[in-house]
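In what comes next, chain A is part of two complexes: it sits with chain B in the first one and with chain C in the second one.
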Partner chain A sequence: MTDLVLKNIGKTYPNGYQAIPSIDLSIEEGEFIVLVGPSGCGKSTLLRMVAGLETITQGDLLIKGNRVNEKEPADRDIAMVFQNYALYPHMTVRANMAYGLKNRGVPKEERDTKVNSVATMLGLEELLDRKPNQLSGGQRQRVAMGRAMVRDPKVFLFDEPLSNLDAKLRVQMRVEIRQLQRKLATTTLYVTHDQVEAMTLADRLVVLNKGKAEQIGTPMELYNKPASTFVAAFIGSPAMNLLDAEMTEVGIKLNESLVLPLSHDYRGKMIWGIRPEHLVASDEQNGDFALQVQAVESLGAETLIHGVLVGSQQTDGSAVPLVVRLSGPHLPDIGSHLWFTAPREDWHLFDANTQQRL
Partner chain B sequence: MSVYFPQKKLPYLLVLPQLIITAIFFLWPAGQAFKQAFYREDAFGLSQTFIGFGNFIDLFQDPLYYKSMGVTMVFSFSVAFFGIAIALWLAVMADRVIRGKMVYQTLLVWPYAVAPALAGVLWWILFDPNIGPIALFLDRIGIHWNHFLNGDQAMILVVIAATWKQISYNFLFFLAGLQAIPRSLIEAAAIDGASPFKRFWDIVFPLLSPTTFFLLVVNLVYAFFDTFGVIDTTTQGGPDGSTNTLVYKVFKDGFIGLDSGGSAAQSIVLMAIVGLMTVVQFRFIERKVQY
Partner chain C sequence: MIENRPWLKLFSHFILIAGVLIVALPVWVALVGSTQSASSFADSVPLWFGDQGVQNWSHVLFHAAGSTLQIPVWHLLLNSMIMALGITFGKIAISMISAYAIVFFRFPFRSLIFWVIFITLMLPVEVRIVPTYQVIANLNMLNSYSGLILPMIASATATFLFRQCFMSMPGELVEAARIDGAGPIRFFFDILLPMSRTNIAAMFVIMFIYGWNQYLWPLIITTDDTYYTLVMSIKNMLSVPDGDIEWNNVMVTTLLAMIPPVAVVVGMQKLFVKGLVDAEK
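Let's turn to the complex of A and B:
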């Protein structure tokens, strides 16, 4: 059954600025949805609209089939984890977690039972009588999650909950959040600007750009079939190589001397994309094109080679940049030429005018 | 953090101006008062007799002194309470305003720029039993206002005048305190099902407690010491000593009654009271407001 439905939801501020033109999304029960996009794309605004912290100026928001547009945040049966955790600094961890239950008139014994069981689940038993300023960043994060879980809400909302943690802890908490959500099977809406976080957590991703949903789908759908150049560039790291090209009778013309043969109905300016990890090392005879090496990033397990396409020129006269990702260590000389092939099944073709997938 | 100065003289030289000011305007007069408290001086200032603790013994046997102490307590706690409560209410309201925020905030700060004596005169005119608009209005609704005859009304008048002056100051601190509370805390409380009223008492008010505590100390000290001008321009301690606070009594006994020894003894006691009050507040109450 669908749990959370956003029907033609939009937000226009009183000063006329349209933050979100219109978004449609229906979320199944227990689904983990990640809203991802660059800063200023409207993802936090959208989350806050679901929470009831921002007014909805257009469309309908349904939770379990009930329209909740005008309902107070407290009456929507949601719980939210804030970026700065928003723990009440003058209350103990226990009081922080019990506050929502207390306000809803849950008797003391029941509150204690619930707080204790959630604390056990999160490993917070030892910390229950501490104040937030006596906790580390990771512990605070966990308390914030505990506070959300203890009320057993219909929907969890996360607003960039991991962005204040260091890289190592972030990875650890990411895994924990995913496991907890699986266990509790609570519908979750999660906002992040980090595409790795988005890819690893989500059942389905919503890529937002300037308040519009560029694409909605599973992480693999977005990776394999990005609907637009925006999604193509946003999902995957390092980003997909996107090259200006022209579709002709003989194929994709990257420049005067380089044509990738293909028969396609489309004609005219287009963008040819290939992910760095899909380029295959080759030699001068069999390779599709050559790369002049400019920089090498050795990460041990893999090597990123930054270079320019030999014999190519952009409109401003500079050479076309290209990134290749090879597994294992490689140490090509700077300035040397490396040959690669681009397998046909890994090509991504986009219309140059609409930026949409062909 | 400690800083090491290679020269020994420079640090002393740098604090010298402040030390000189403190010495001339505080230590010296305080020392004079301390000395005078043990002498009896004739009204013309021609002769002094050492009488030991005589002035203090007289003071603590004087029922008028205890009355003045009671008046000071009522006055100071009223000023501190109303000053803090009204300023907090105004700050909460001003914090909510979105349009014209600066206008409200600026207007609310203005009274602080008014000298205490002028504030006294202002309220004195407003409440004048013969020509004051507020007094005339009160008369019309059946409350006979005459603070020249009614001691309670005189007290209300000085409390209003002294409070009005202090609200702006308190307001500024509360507004800054409110703006320092992260919005997300209030939002989290809203999601946690707290009504706006509960949000204020459960979250905002406790988080403002360091500010409130600081203002309590400042306001009490203000009411104890800095309200001379307000009282002098409105009631002059009257009627029948009903607004004769300790500070005003020091002035009255010393400069009008010309009892410099008794007056000096009172100021020593006053100094001790405020010192003690501050120590008690910081040592015992401050611990409870930390979070």
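Let's turn to the complex of A and C:
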């Protein structure tokens, strides 16, 4: 059964600024949906519209089949975890978690039982009588999640909940959030700008760009078949290499001397893309093209080589940058030439005008 | 940097001690004077304790403030306390509610209303005293506690300070409360009030002293001496038409008038400073 349906949802501010033109999305029960995009793409606005903190100026929002556009946030059966946790500083952890239930008139014994069981699940039993300022960042994060879980809502909303944690804790909480969500099987809408978070957490991803959904799909669909150059560049780290090219009868013409043979119906300007991890080291006889090394980042398990494509120029005259990711340690000299092949099945072709996948 | 210049140290301590002496001298004179007999002020100001202490204090506190004012000072203290506390709590309540409306609710002419409130800052009591007197007289509130309190109860300063305090409240907290189902009244009492605790304490100190020190307004609207306040009575005791001022009694009354504000400041200074300096949010 679909839990949450966004039908032609849009947001136009009173000053005429259109933050979200129109989005359609239907979310299955228990699904983990991540909204991802750069800052200012409207992902938080969309989440806040679902929460009821922003008015919806167009379309219908349905939770469990009921239209909730005009309902107060408290009546929508949702719970939200905020970026800065938004814990009430003057209340103990217990009171923080129980406040929503108290406002709903849940009797004290029932409140205590629920708070205690959620606290046990999150390992917060020891902290129940502390105030938020006596907690560490990770503990506050947990309390904020506990406050959302206590209410047993239909939909969880997360607004960049991990961005205030340090890197190590972030990875740990990410795993924890995923496990909890699986266990509770509560439909979840999660906003982040971090594509690693998005890829690891999501059942389905929504990549947003300027208020439009560029692509909706599973992380692997987005990785393997990005619908546009925007998605291609956004998903994956380091980002996909996107090179201006031209489709001719003989194949993809990257420059005067470099043509990758391919027969395709499309003709004219296009963008050729390949992920850094899909380039294969080769030699001068078999390689498709050469890279002049400019910088090497050794990460131990893998090596990132930043360089420029030999013999090629962008329209403004500068060299075409290219990144290669090789597994294991490599130490090429700066300025030396390395040869690579680009396997055909890993190519991504985009229309240069529409930026859409060919 | 460690300085070791004994003369400089000596000199700065001398300056500090001199400063303390200058500030403390009048209090000392009042304290010493309150133990003298009425006649010892005839030719010089006494600088050491007399033997009438207990007698003066008990007479002034429980019998009569002086020959011109046949009211015991405990009654004046009570009047002052009622007025000061009434003004303080009234001001805090009204300005919190109005600041709450201005900050958290969207209604037409919101900013206009704020500026109108703000502009009244420029109208002190003295400027509007004649019309205010007229209104209070028409309401039959002369010689009453409500007459003493009501005209002082609205405060643009406090409204402005609470507005600043509420505006610094994180927006996420307000939204979290909305999601938790807290309506406007619940939000006010459960979240806003406890979170502005330190600001309220700071307001309390400032407004209590303001209320306690009211002089002109009680002087104008009270003619019945059972509604006299302590501060204005001191002036009353000094304006003796003929004969000697009872300085010993005046000194007792003055010291008594100082005790409540000092107690409030000392008792609340920790919260007061916290309220003015930081917002623990």
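The rule we apply is simple: the second predicted complex is superposed on the first by the 358 of 358 C-alpha atoms of A that agree within 3 Å, B and C clash if a C-alpha of one lies under 4 Å from a C-alpha of the other, contacts with A are read in each partner's own complex, and residues count from 1 in each chain.
Note that in this section a residue touches a chain if its C-beta (ideal position, glycine included) is under 8 Å from a C-beta of that chain, and two chains touch if they have at least 3 such contacts.
Bear in mind the structure is a predicted one, so any value in this text is a computation, not a measurement.
Asker: After lining both complexes up on chain A, report clash or fit for chain B versus chain C.
Answerer: They clash: once the shared chain is superposed, the two partners overlap in space.
Asker: Could you say whether A:F82 touches chain B, chain C, both of them, or neither, answering first, second, both or neither?
Answerer: Once the two structures are laid over each other on A, A:F82 reaches both partners.
Asker: Looking at the overlay, does A:R67 come into contact with chain B only (first), chain C only (second), both, or neither?
Answerer: neither
Asker: Based on the superposed arrangement, let me know which partner A:H90 touches: chain B (first), chain C (second), both, or neither?
Answerer: After superposing on A, A:H90 lies in contact with both chain B and chain C.
Asker: Based on the superposed arrangement, let me know which partner A:L53 touches: chain B (first), chain C (second), both, or neither?
Answerer: After superposing on A, A:L53 lies in contact with both chain B and chain C.
Asker: Tell me the contact category for A:K131 with respect to chain B and chain C: first, second, both or neither.
Answerer: In the superposition, A:K131 contacts chain B only.
Asker: Just chain B (first), just chain C (second), both, or neither: which does A:R267 touch?
Answerer: In the superposed model, A:R267 contacts neither chain B nor chain C.
Asker: Identify the residues of chain A that lie in both the chain B contact region and the chain C contact region.
Answerer: Common interface on chain A, chain B vs chain C: 51-53, 72-74, 78-80, 82-84, 86-90, 99-100, 103-104, 133, 147.
Asker: Touching residues of chain A toward chain B in the complex: what are they?
Answerer: Contacts found on chain A: 51-53, 72-74, 78-80, 82-84, 86-90, 99-100, 103-104, 131, 133, 147.
Asker: Could you please specify the touching residues of chain C with respect to chain A in the complex?
Answerer: 170, 172-173, 175-182, 186, 190-191, 194-195, 197, 280-281
Asker: So in the complex, which bits of chain A are touching chain C?
Answerer: Residues in contact with chain C: 51-53, 72-75, 78-80, 82-84, 86-90, 99-100, 103-104, 133, 147.
Asker: Sort out for me which residues of chain B touch chain A in the complex.
Answerer: Touching chain A from chain B are residues 182, 184-185, 187-194, 198, 202-203, 206-207, 209, 291.
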